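Across the two complexes that follow, chain A remains constant while its partner is chain B and subsequently chain C.
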Partner chain A sequence: MSRSRFGRLHAAAAALLVILVAVPRPAHAYLKFGVAVNGRQVTVKWNQTPIRYYVAEGGVPGVGPPQLAATLAQAFSTWQAVPTASVSFEFAGYTNARPGEGDGRSTIGFLAEPDLDRVLASTSLLIDDVTGELLEADIFFNSVFSWSVAPSGEAGRFDVETIAVHEIGHLIGLGHSAIGETEVSGSGRRVIAAETVMFPLAFGSGSVTNRRLRADDIAGVSDLYPDGAFEADTGSISGRVTRNGEGLFGAHVVAFNPATGALVGAFSLNAHGEFSIAGLTPGAHVLRIEPLDDADVESFFEPDPPVEFDFRAVFFNQLVVAPRGADSGSVEVAVQPK
Partner chain B sequence: MTRLSALLRLAAVTCAIVPAHATVLLPAELGDLSREAWAIARGTVVAVEARWTDDRRRVETIVTLEAESSLKGALGATVQFRVPGGRLGRYRNIVLGAPEFAVGQRVVVFLGARGPRLPYLVGLGQGVFRLAPRDGGWMVTPPAVLPGAGTAPTRIVRGDPARRAVPLEDFEREVRMLAGLGP
Partner chain C sequence: MSRRPALGALLLFLLGPAAAAAQPSDPLPGRLELALGGRWTGGLAFGEAEALETRASGGSFALFATDTELAASTAAEARLGVRLFRTVQIEASAAYASSDLRTRVSSDVEGIPDVTASESLMQFAFEGALLAHLDRWRLGRRTVPFVSAGGGFVRQLHEGRTLVDVAGTYHVGAGVRYPLATRGAARVKAIGVRAEVRAVVRIGGAAFDNRARVAPALGASLFLRL
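And then the complex of A and B:
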């Protein structure tokens, strides 16, 4: 997503700064995985760390098991280094098992999956339906494509570390983020911007742009595995998205901090149109609300309940303050039909 | 806002955690899907059944469609395709990014085929379009991403008033043209 889109309204919105009453903060933002267990939704996350993982034997041209293990270690360390989160990982060794097998071990490696023709990599979770416990999380890189572990990337090959950072986000329980933008031309559709490593669509081969976590990713992992003063030092913004007075499900809500340039996103996640964006740097934010009408919605939501698309994107007409250690208090953003 | 009302609202929102879906995909627009698909079918889901793969290492789900129409390819009245992951007994294997289906859903699917196995969805979740009743007809929603015109790139802007749900007949006409099958 282009920051300039937010910047255009920055000056005007600054005059409309509102100071809202600080209230106890909600702790939900982003898309976190959840499963229904005995009629209730349970967040999918690891109860114990370090999270142990195995690297599958077998490689692809240019990336053998030792290179894969070293690159994965780098990608895991990227998540582990977030100072406001407490999650750690441990390389448990090599295995002749394949990713995706239900053996109780989290296995990462290459698999040839020609039927998954546009899937560069994928994470699968094995969950106990009775308890909701996450038993295993496997990642495969599709060896149908060409891969590289070159430090600066390699033209024509997809960067293992970039894709690993994304998939490890899923392994720890994060869903997709929609803070990204695409374009089409005669040569097809391509990603032109992403302010999160959890955007589901990949930049072209050779790109190493998404080896680095952004504000949205850091807020997400910190929300799932908070550490230190995360909750005391950050703030949240919550509210409702409505159309004709009715709540909208699945509206994408993005908070932009003009002082830091950070973008953190979330969705309205119930029939009342309620959203909450946690992990924000305290201060004033611009809110943008937009429909997910350019997306492979299956990457974000199940088909039921249906996501609402029939509304125009809008900037909230006031700046909203995320107070330190507290919530903004509910803001209501009304959107108009297309 | 009182502390109590804030907590109640928090409970409501945190109960709405979204089920898992996630992969890294190469993006596809409708032209890619139409050309790459071996077959394109419209129909209603009549069965969804998880099973072990042939090598018994993994779980996959077989989706059965009662086909109403074949936009591309010669398909029979019943169409089956595979989706990775599924629920077997006590355990659920979620392959992130694989779409989920339920009996009664009406869809258009873009299918690939390789060897003797059942077809698969082209582009995984990108290869399924959901149909919703509206104003006495059926709409494809959200709208498909159409191919760009010429070499100049066009940004896809969320919330663009032009990005509306598309009547089914218009969508199918577009697909046939993109697949090179005429209007």
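And then the complex of A and C:
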């Protein structure tokens, strides 16, 4: 069996959570990790559950191993509780191994990474690059920051559970989602609001808002690990984003369901500008298309092919229906240069 | 006067034996009625919804706003009526209309120009109704007013025929019927026109909730009585 290690990247953005090398898969919503196998994209996911994880010994002020384990259990249960997904987790015990050692055990703990002064936490994945099966996923929380496990959060300290919920999203195979708004703040960006826990930038210290999954996250985990009638009960919208008749890579497409208020996002993921948003509640949706300009593009895609930014954000002038258990059929959204 | 005699008087009025005696002739002879016509139904407001993100504090941040309506539509309608009594008739009808579901998108946080996104909706309505002629209140010799009430369902087929919603529909209405010709001994005993106004109540379907919504409707039809 051939194995390859996905490396970690750390970009200079304020309170950046995690960036993983992700080969986008031109098939579905959110951003699922994928690997190219014989010219085709294979989704990266765990083939067996429960996913066993170990908690590293050692802690930070206020968060010892037992507190970390308890908080992680809560964060894992948040994903496990999604009724339309079938992913489960199991605490396997404490270990003196460090996260990122590639020992076949998924290890979660604190590491001091002072050079990564804008990285709160990071997830590294060990993947079978033939099958796409996830073999190991390690998460480290950067102990150069101040951390808290207080039930309601703590001013000046980052909430372990909030960040863990995000990292566990990566652990199960989800990339970043772009449903969020930011503004330039100093040398970085500040998050104004987001509607996904998988937004690449974290809220400021003290916030516990993102302990809760949103529609985009639920669609993502359910798409990766569908349970029950999820596929039969939800629909997808697919299409192309074009400019002057040519496909655009990296356009951010968000579907809004006025009936439910749900926002679920995706990207155009190939040179044809094709996108697909799965896991949608059946019904009519508004489509909003925008350049990927609210976070560093490297937190979503590899540099090649280049992501297109030179177009104006638009709403599609048709309501697009996500059918129950089926796809909308391709719609073409033409955008204009800036 | 007690309530019971008053109710009895009302029933007699609707069923009409006394009224029949007071009128010179039956303006709507025949037991069966076939009709074809059209019906305009006003738009239904489905309501406003904001695309909300969550702030660090947990508060809401509006990305954009929407306001959705089912536009007014004109339906083609076929109807079968059966006379139960001299002034009371039951009816079954089927109607088809094409309408637009429209969502006005506005107030985008990044200044995207407002747009109205729409899709077409094919609507098939199947209804039953009870109709009572107000024979005593005839307008002239031949124009017969009536009141009606009924209900049924509407199958709403979204664009691309990929999704069906089903709405409940109920109505109360009133109108007039005017026989253009009556031939009591012939197979077709009467030909006439009917016009009516309704208050239509819709529940569910393509709407975003199961709240009852009311729209006006106007109808006209040509009928044959057999």
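The rule is simple: the second predicted complex is superposed on the first by the 294 of 338 C-alpha atoms of A that agree within 3 Å, B and C clash if a C-alpha of one lies under 4 Å from a C-alpha of the other, contacts with A are read in each partner's own complex, and residues count from 1 in each chain.
To be clear about the criterion, a residue touches a chain if its C-beta (ideal position, glycine included) is under 8 Å from a C-beta of that chain, and two chains touch if they have at least 3 such contacts.
What you see is a predicted model, and the numbers here were worked out from it, not measured in a lab.
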item	value
Chain C versus chain B on the shared chain A, clash or fit after superposition	fit
Touching partner for A:256 - first (chain B), second (chain C), both, neither	second
Chain B versus chain C as contact partner of A:127, first or second or both or neither	first
Touching partner for A:146 - first (chain B), second (chain C), both, neither	neither
Which of chain B and chain C A:49 touches, first, second, both or neither	neither
Which of chain B and chain C A:297 touches, first, second, both or neither	first
Touching partner for A:313 - first (chain B), second (chain C), both, neither	both
Most chain A residues touched (candidates chain B, chain C)	B
Which of chain B and chain C A:86 touches, first, second, both or neither	neither
First (chain B), second (chain C), both or neither touched by A:200	first
Contacts of A:330 with chain B and chain C, given as first, second, both or neither	first
Distance of closest approach, chain C and chain B, by C-alpha atoms in Å	5
Doubly contacted chain A residues - partners chain C and chain B	181, 191-192, 290, 312-314, 329
List of chain A residues in touch with chain C within their complex	179-181, 191-195, 203-204, 207, 209-210, 214, 235, 256, 258-259, 261, 263, 282-284, 286-288, 290, 312-324, 326, 328-329
Complex contact set, residues of chain B against chain A	1-3, 6-7, 9-10, 12-29, 31-32, 36, 57-59, 82, 84-85, 87, 90-97, 99-102, 105, 112, 114, 117, 120, 122-126, 128, 130, 132, 141-143, 145-161, 163-165
Interfacial residue positions of chain C with respect to chain A in the complex	46, 49-58, 61, 63-64, 66, 68, 101-103, 105, 108-110, 112-113, 115-119, 158-160, 162-163, 206, 208-209
Chain A residues within the chain B interface of the complex	21, 23-24, 26-28, 31-36, 40-44, 98, 100-102, 114-130, 135, 163, 166-167, 170, 175-176, 181-192, 198, 200-202, 238, 252, 267, 269-270, 272, 274-276, 290-304, 306-307, 309-314, 327, 329-330, 338
